[in-house]
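Both complexes below contain chain A, partnered by chain B and then by chain C.
Moving on, here comes the complex of A and B:
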């Protein structure tokens, strides 16, 4: 009895947390479809009928995909380097986490200084004569992806690092001693073993970039908003909560449409990779 | 390496024996004055070893003596600071590990956890693109190490001894020129270790592959090796057969590290006719012992090493060193006495004769001697060790 009680008490905080989260989620969806006790899907119909919203959704997913891709491209080698670093790894970890000490607004503004029309990059290009008028490096998708990669990269690095640290260096050496070239060793040993970390990182970064608000607002173009920014504006500027809720639900569903298959992909891949390497 | 079609182990042995007959002189692995420094610390110091095809060679030494570093250089994971590593006469020093024909059994085995037994063993063949008859080769190898039918097992589902066998099969299946083993048995309990030592030796003889085995266990080294390289502080103190290493230690370190020994120090008083006469330190005795190969000037500091089992005990004064019994331990066939003498603590292991009375009591006065042939003369000052001793 006492044990059951203790377990119940220990479970209580997480139950409260999950409960509140679920209530919020249910109320969010409800507020987008329930009007005067009637189910009414007109907000969803409106969204589907507006080409600019469809384009915005597509842009959001594309930006998130690109951000995730570049985070992975930059994050994996960094995580590998840190995992195999012989010296004081904590210093490197500190460098990776350091940007988190600075507000996301400040970090995004930092890019304005660098990428803006009179920013560092353009200033240098024009000073050297490599460009005669400022390149459009921000207020477009490029700027948003750049900003998001910067903001979200630590998540990817840490997700992959935590898995790489568990993989003994001996396994790579074993592969090499058996004639496995570095790329072969990577593909058949390191990659399959670090896949859980990669998929965790991808899921995290993808989800966070689909819902990004600040970075697209500061670095994105005026006309090409992302869905997170749009929701923000519906709430803060137009006070249209039902519409914002509908947009949020659409965002949730589309994000799940990518993340859930990713989870299945992880299981399928790890099963395939564990059952036998290609011969 | 030549792409070998699937052939039974027996014929592999034959071809390799043939190859050995054709090129008897060339070592399969040559360590040529190899030195390795890490941040100023010298891990391996000017080591020279030649290893022949089909030999079982052990690198023996205490931890930190450089044996593992040497092994990692042979494997290709470290580059020598100086010197060369040659395989079949070809300089390998700067070749990456995956371009060398070596196999390596790690101390922690490093089996691929995401693969089953079959895929672990098949890894080397696939990595090298030798997939013809892969299945048969892998299964032959699994049979050789006594793991037939284990193909589909996960590496986490099998016992420690079976994991050792998988690791061995995995590195042997590619038929490497040299198989390196980095203390692979150290984590096992004594009984299993003995069993696997016998197995290792059998597999080595059946495959005819050259083994370079690293251990700090001198018994393991003596029982398995054709030749032993005893290492200390980055140097090879002696490289010779197991019998020589034990019975003709080249340095004090070897004498002490390989088995128990009695070391008596002294100076050369006279040398003639292949024998030297020594004045022993702290003991009022001179002894005459065979000089061996060394030629020693008068007054040179030397030590002699006598194994406990070669000591003889007497009660009279006919033998050179007087001692008193401290204690004894009885082990069935023999009794080992710990003795106190002016030359220091001595050990004497004598056969136990049934009906020959009781063991000598403590404080009993005895005299200690030895058979002439059992003495090894070790030149050099105390603590000084010779390097680059080669056969």
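Moving on, here comes the complex of A and C:
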């Protein structure tokens, strides 16, 4: 009895948190379809009938995928380096999370100073005569992806690092001592074992990219509106909460279509790895 | 001590009166809360309106800087925390249509009699839903290191492809109300006939390097020469010029500039209504508006406001001549159709 009570008390905070999240989610969806007690899907019909919204949704998912890819490309080697670093690893960790101490607005504007029309790169190109007018290095897709990678890279690094730290170096050494080339050892030993961390990082970065607002607003160009910025406009400028809720629901569903399979894959892999099978 | 019946009754009445008086007084606040945008607008309200009002009336007005006063009013509908707030005229119209504003009679706000009725935020039954403290205008700001003011003597010039990649532009929410209106005028239409204006707006959009999100970003773009020109607010160029950035110039094109009246309003059911009316009336009067002009270039709406020689020199004309060059659209119509106009602009931009 006491044990049951203790378990219930321990579970209570999580239950409250999950309950609040679920209530919020249900209310979000309900506010997009319920009008005067009747179910009305006109916001969803409007969204699906607007070619610019469909394009925006595609752009959002594409930008999130590209951001996730580049975060993985940069994040994995960084996490590996930190995990295998022999010196004071805390200093490296501090460097990784240091950008979080600076406002996202400031971080995004930092790119303007570097890549803007009067920024360092364009200034150099024009000074050397390599360009006679500023190149458009930002205010486009590239600018948004670059800014998001900058903002979200630490999440990928830390997710992967947390798994790499659990993998004994002896496994790699055993593989290589049996004649495995370093890349072969990486591909057959380290990469499969670190997949749960990769999938966690991919899920985190992908989800945060799909809902990004500030970076696309500051670094995006004319046609680079993302769903997050559109939701922001509906809430902050038009106060059209039902439409914003409909857009958020569409975003949620499309994001989940990618994230849920990843979650199942992660669980399956984790189970497979912890069970130690198959050999 | 023995009290007679008369003394007892007198004492009771006196106590009741004494208790009722503080009760009345305590219903009045010693501080009004005014919601304002931040930065230069907030500074202007503190310097030119709130401080002089406190000196004159003894009632403090605390200017609270928020990203969007209209959003505060809507979020707090039914339980308002601010006494007043400032917004664009379109925001005022939208709030008024949604029955979210306290209304006043002209007798409560007599200073409004000195403001042209076309700037009134007025309900269909003739009550005032706010006061007009000043206006700005929307013209073309030019960085003269990058282009000449002669290059932008017409709104149509912004659509000239020789400016490809050299212009800045604001977001569709403002394009729908400001830029499209003036492009429509330039194309021979108006805010109700925007087909030609949309073509010119499309032309400008093709030339745009940066779509900006904030006044600070727009200031920086112009000051650093990241863009040669962009449609912009007279008050921001005024602030740049006052800060010594004299190479950014404001152009009123031959078709005119857009007159942008602002409105100060109170949320429906506002507390301390009488004090709020006094404060609003002060905002509608000439003196603080003259202060606001000298401080930040907001042009007084009150016709009794006088331009000093210094201000005339900076404007290049007096208030009457300036008003003659500005176009005042039907803001009610613009507000009513804003959402569909933004949708049309969004769709136009997605095709570029």
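As a convention for this text, the second predicted complex is superposed on the first by the 263 of 279 C-alpha atoms of A that agree within 3 Å, B and C clash if a C-alpha of one lies under 4 Å from a C-alpha of the other, contacts with A are read in each partner's own complex, and residues count from 1 in each chain.
To be clear about the criterion, a residue touches a chain if its C-beta (ideal position, glycine included) is under 8 Å from a C-beta of that chain, and two chains touch if they have at least 3 such contacts.
In this text, all values refer to a predicted model and were calculated from it rather than measured experimentally.
In the superposition on chain A, no contact is made by A:100 with either chain B or chain C. Using the contact criterion defined above for the overlaid structures, shared-chain residue A:124 touches neither chain B nor chain C, since it reaches no partner. Shared-chain residue A:168: touches chain B; no touch with chain C. By the document's definition of touching, of the two partners only chain C reaches A:52; chain B does not.
When the two structures are aligned on the shared chain, A:35 is found in touch with neither chain B nor chain C. Legend: residue contacts after superposition of the two complexes on their common chain; A:217 is shown touching chain C, with no touch to chain B.
In the complex of the two chains, the chain A residues touching chain B come out as 168, 170-171, 173-182, 184-185, 188-189, 192-193, 270, 273-279.
Those residues of chain A lying in contact with chain C across their complex are 50-52, 55-56, 116-118, 133-134, 136, 139, 217-218, 220-223, 225, 233, 236-240. Remark: chain C residues 67-68, 71, 74, 165, 169, 171, 173, 205, 208-211, 213, 217, 224-227, 339, 342-343, 346-347, 349-350, 352 touch chain A in the complex. Put simply, chain B touches chain A in their complex at residues 75-77, 96-98, 102-104, 106, 108, 110-116, 118-119, 122-124, 126-128, 131, 134, 170-171, 174.
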